[in-house]
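Below you'll find the structure I mean.
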Amino acid sequence: MISFECDYNNGAHPEVLKRLIETNNEQTLCYDKDCYTKSAKDKIKLACDDDQADVFFLTSGTQTNATVISSLLKSYEGVIAINSGHINVHESGAVEYTGHKVIAIEGKNGKMEAKALRSYMEDFTANYNDGHSVYPGMVYISLPTELGTIYNAKELELLYNVCREYDLILYVDGARLGYGMMSQECDITLPFLSKHCDVFYIGGTKQGALCGEAVVFTHNNAPKNFIAIQKQHGALLAKGRLIGIQFDTLFTDNLYFDLSRHAINMAMKMKKMFAEKGYKFFIDSPTNQQFIIINNDEVERISQKVIFTHWGPADQNNTICRFVTSWATTEESLKELEKIWE
Amino acid sequence: MISFECDYNNGAHPEVLKRLIETNNEQTLCYDKDCYTKSAKDKIKLACDDDQADVFFLTSGTQTNATVISSLLKSYEGVIAINSGHINVHESGAVEYTGHKVIAIEGKNGKMEAKALRSYMEDFTANYNDGHSVYPGMVYISLPTELGTIYNAKELELLYNVCREYDLILYVDGARLGYGMMSQECDITLPFLSKHCDVFYIGGTKQGALCGEAVVFTHNNAPKNFIAIQKQHGALLAKGRLIGIQFDTLFTDNLYFDLSRHAINMAMKMKKMFAEKGYKFFIDSPTNQQFIIINNDEVERISQKVIFTHWGPADQNNTICRFVTSWATTEESLKELEKIWE
Amino acid sequence: MISFECDYNNGAHPEVLKRLIETNNEQTLCYDKDCYTKSAKDKIKLACDDDQADVFFLTSGTQTNATVISSLLKSYEGVIAINSGHINVHESGAVEYTGHKVIAIEGKNGKMEAKALRSYMEDFTANYNDGHSVYPGMVYISLPTELGTIYNAKELELLYNVCREYDLILYVDGARLGYGMMSQECDITLPFLSKHCDVFYIGGTKQGALCGEAVVFTHNNAPKNFIAIQKQHGALLAKGRLIGIQFDTLFTDNLYFDLSRHAINMAMKMKKMFAEKGYKFFIDSPTNQQFIIINNDEVERISQKVIFTHWGPADQNNTICRFVTSWATTEESLKELEKIWE
Amino acid sequence: MISFECDYNNGAHPEVLKRLIETNNEQTLCYDKDCYTKSAKDKIKLACDDDQADVFFLTSGTQTNATVISSLLKSYEGVIAINSGHINVHESGAVEYTGHKVIAIEGKNGKMEAKALRSYMEDFTANYNDGHSVYPGMVYISLPTELGTIYNAKELELLYNVCREYDLILYVDGARLGYGMMSQECDITLPFLSKHCDVFYIGGTKQGALCGEAVVFTHNNAPKNFIAIQKQHGALLAKGRLIGIQFDTLFTDNLYFDLSRHAINMAMKMKKMFAEKGYKFFIDSPTNQQFIIINNDEVERISQKVIFTHWGPADQNNTICRFVTSWATTEESLKELEKIWE
């Protein structure tokens, strides 16, 4: 059965696998000391055009979020996210497990608005800045968002301005960063992002790697001894090369973004197909996650033929269905999807 | 340069890699839901001859220790380990980060003795059992130990008896479990281990996998919702298949133990070589880690030709040097090692 | 200057102080072992008509909430509270510091409605019960609420029914429990409360003691070794008698509730006074906290003559002002308050 | 029955109680905002002759240790203490509960020696400074120690020198600080202590108060927002005045040290009495805790007439018995103690 369930149900991109095979017999240094990890770091810094960046490799998204957030917050600080933020709903309380509150505010189209953030900070400063409430120390956003939407450069800049005004760290969850940046609507590049946030991560797991995320601290602001922090969080691989080699490959010859663009092309075809068939969308997404509203009876019927995510009820009779493309999505699978309606 | 630094400086065993390649294009379910993870669990339960076992896959050793230990202890309980226990010295405080004290007692030859444990518990019960000291709730041992030594079946049984008498959970860190079990001196098998502890893990990272450890709760005693616990600890891979496929392969046709036996054979040849050259050993190890006492001048000289670990000073003039074999060690590399002295 | 700022700006009730003086020269056992602590526990159990209750004494409200909540939740569970719940906004993230998420849902008049709780649990069960979201393990409510309102017996019963249906622990924060129970509208008694929740605390600090809160686990459900848990949280006094003597006094001859009734009488007179002067109320409170809407200019003027809390803006021109009575409020202070408008 | 069990089995010194009574009817500001808290802070700073000091009041010793230690350590750092250090054995793992390892090293006569600390740090720097072991970030000592012994000025200075050399924070637990400083052998004063450590606390609970400890950060090094940290730890009293008034009284007219000197005088008389009767001491203590070795049969006999602490076995036939004097010990009780042997 074909699957559009998510962007992490395939293995790795063949080129990634090929490099793992080629290097398999080499003996390397361990943890973060091997040459591939070093090379991958350099390539990422170059791609970000950021000499001051520090790059670290972790294994999974939730692990990355919990480790990075707790490494930068003071014990009595929390992190602001929108209600639908991944750390707020889909990470089993991993951030709170490290002792920090996720301060949830309203979002719009899956995004945090600069004015909503400012409004929260004004209220906090006026009414809660007395030691009895959690101090906001960081802002968490996702690019693209959990709903497939993207910030444009102007929105990101405005948000970062508010962060700097209130001394908040801006952290960007880039689990699907490539899919966001290769969206036709996106005017944010890696160098721009590096200049407009304090730390972000470049997702590997959902973007062609077997596992792995690359954290980028953008301006000499990595916490001291971050490797010890990774170790303490269980977030340091003994065979660090596993992630190093993968990112070294993904950031060679623009592979990371080529794969991302492919996924977007597939998504746009899929989106067009659903639109032509008259389906409504829960939200207008320019990225690889598409949210289609489908009648409950039909949901049941097509579930026999294709795997997708039941995102939640749209209303009593309809369901929000998430269909996701990835670097691995083929024209063939799109055709098979279309056949369901023939 | 040849390296005997550790058992995690190679990639994966070719058979493991082959299976990753063969399955790469398949779309599977995620987290722990894929067919390979299920198959690997079944094979491990079979190898343990333990119908009541529950098996979970995590990514690395420190992560596994912190997640398992904190999942089983009550908030006010600690875990007893010997001074040289891995969780006590080499995990950056990962267990304490979860809120639990590592209660360190004296070991002997890298092992915890049943009588030492009993003595500690008698003292605790007589003098500290009043709510003002950390309650011991678990015993942590390693098989083989951090010094390459092994428990025999009788020693393990005695230790487990003390644990049961005092209501302590016995947890066995098996980062190198195969290398222990394939030692010529070892009379502990997987089924025996399953019956003589409460939880253990079968190491993958050091035993032929790219990454991954298999936790075995031995008698329907897995914490409820352990997957949520993994997620909260950042210890759940989205592409769980990555570890599932590897363990499925390692536990097919006895590969795991064949690889382990190879490493032991290599280690015994190496040990013999050092002995014949007149070197003294820091400890008599029957497993893949050998600790040789070498004069400091010579240490400097051979460091130009082979990578190994400086374990610590033996005395003012000599160093304890750790040489480690693995599933990947070749006869050729042993010969190259020997050539250093020609 | 007179103060209606809060109910913890006086010392202790004279009878409480008298008993501290009378017992001062006695040498007692320490922590929770002294005779006064034992006596206080017995009197509270009697007042609750609950043989199965376990009573423990802690020092302050935030400490009590964090200690009790974390002692009863599993590591991956969170506690449901309404947005305005004290643990959600006014405790500096003390609950999250213990590793648990506060799951905030909408309240109504400062209260959690049974149907809102059911709705949340239905949604959770249908859509989030997969290990990737925080499991709700407890419900936190306050009686009276942070807005001075109270649950009636029927509302509490309905809420507890939902809790039992979904296996949620019901915890009632009674920082001002007496002020709630002595409200003319309240039909909840200590015995009724004991039968309709799993754990609650009887506030001392705001109700006539220098410090101290009495936690009541209602049906043999106290966590094992709760004294060790208190110690670990820094929530166990060496001179436990300090709190024991105070609660022993407060629960002798109904003093606790007599004091509470006095505060309510004072509050109702104050409420009447404001109403007669034509002021509007932010909420209709039957307890010792009254929330009056006052024009900003007037707020500034009367702030010179009386201390009260600026709760927040009502609109651009008006402020919500909290005036609080307590066991220590006198008729004289009410008259002085009234004089401000003469 | 007379008791020499500990120094926290009486109420408060009469002068302390008198001030609580005199101020009882006053309405004050809350938390740390009242005038008595401010006055107490000023008096303590004056007594320390330390303009740069910041003073905060907490409720109990364990709470103070856990709050102060975790407020100053980075997440991956631990605190060095000797094996018998209070945080290592008698606080139910309160420090570990905040996520930090207590690194236990050997002590001598209850004290940490500068050379032992240096030796540990040299070993750490040479062999463990790689991100895989807990970084030592702080040194914890007690003055007087858990065994009643004291550091002299020279010893403290040497220890502090090592701390500064290795960038370690020096924290002094002064639960019984007055009893230490009033010992005839002690040449450490409050101003000297302020100059030779980074943070210490002045114990109140064991020194004449009902409860309360005063933390002194010695040189503008208090963590930002320490009140929020207290709140988060459940370590901030709503009626902060309770502790403020007590310390304001204890630091008026030298009461704190007068009380301490009295306890020492009583202890020395008691010590002389035991010596004259031919008893051996477990350790030579110049402070209010005396450790006498008594035959087990006699221990049983005198336990009928006086309460004291069974510290542990001296050998098979003898017990180490702790007898403690305090500010409240009377000549009469000493006579009664002596009568037991008549």
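All chains are identified by letter, namely A, B, C and D, in their written order; residue positions are counted from 1 within each chain.
Methods note: a contact is a pair of C-beta atoms (placed from the backbone, for glycine too) under 8 Å apart; a residue touches a chain by one contact, two chains touch by 3 or more.
As the structure is a computational prediction, the values presented were derived from the model and not from experiment.
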item	value
Farthest chain relative to chain C (centres taken as mean CA coordinates)	B
Pair joined by the larger number of C-beta contacts - C-D, A-D	C-D
Geometric centre distance via CA averages, chain D-chain B, whole Å	42
Chain centre separation (chain C, chain D; CA means) in Å	33
Distance between chain centroids, defined by C-alpha means - chain A, chain D (Å)	50
Set of chain C residues in contact with two or more other chains	75-76, 91-93, 97, 99, 131-132, 228, 231-232
In the complex, chain D residues that touch chain C	2-3, 5-6, 8-12, 14, 17, 20-21, 23-30, 59-64, 66-67, 91-94, 97, 205-206, 210-211, 228-229, 231-239, 241-242, 307, 328
Of all residues in chain A, those that touch chain C in their complex	75-76, 78, 89-93, 96-102, 104, 127-128, 131-134, 312
Touching residues (chain side chain D, partner chain A) in the complex	31, 70-71, 74-76, 99, 131-132, 135, 224-225, 227-229, 231-232
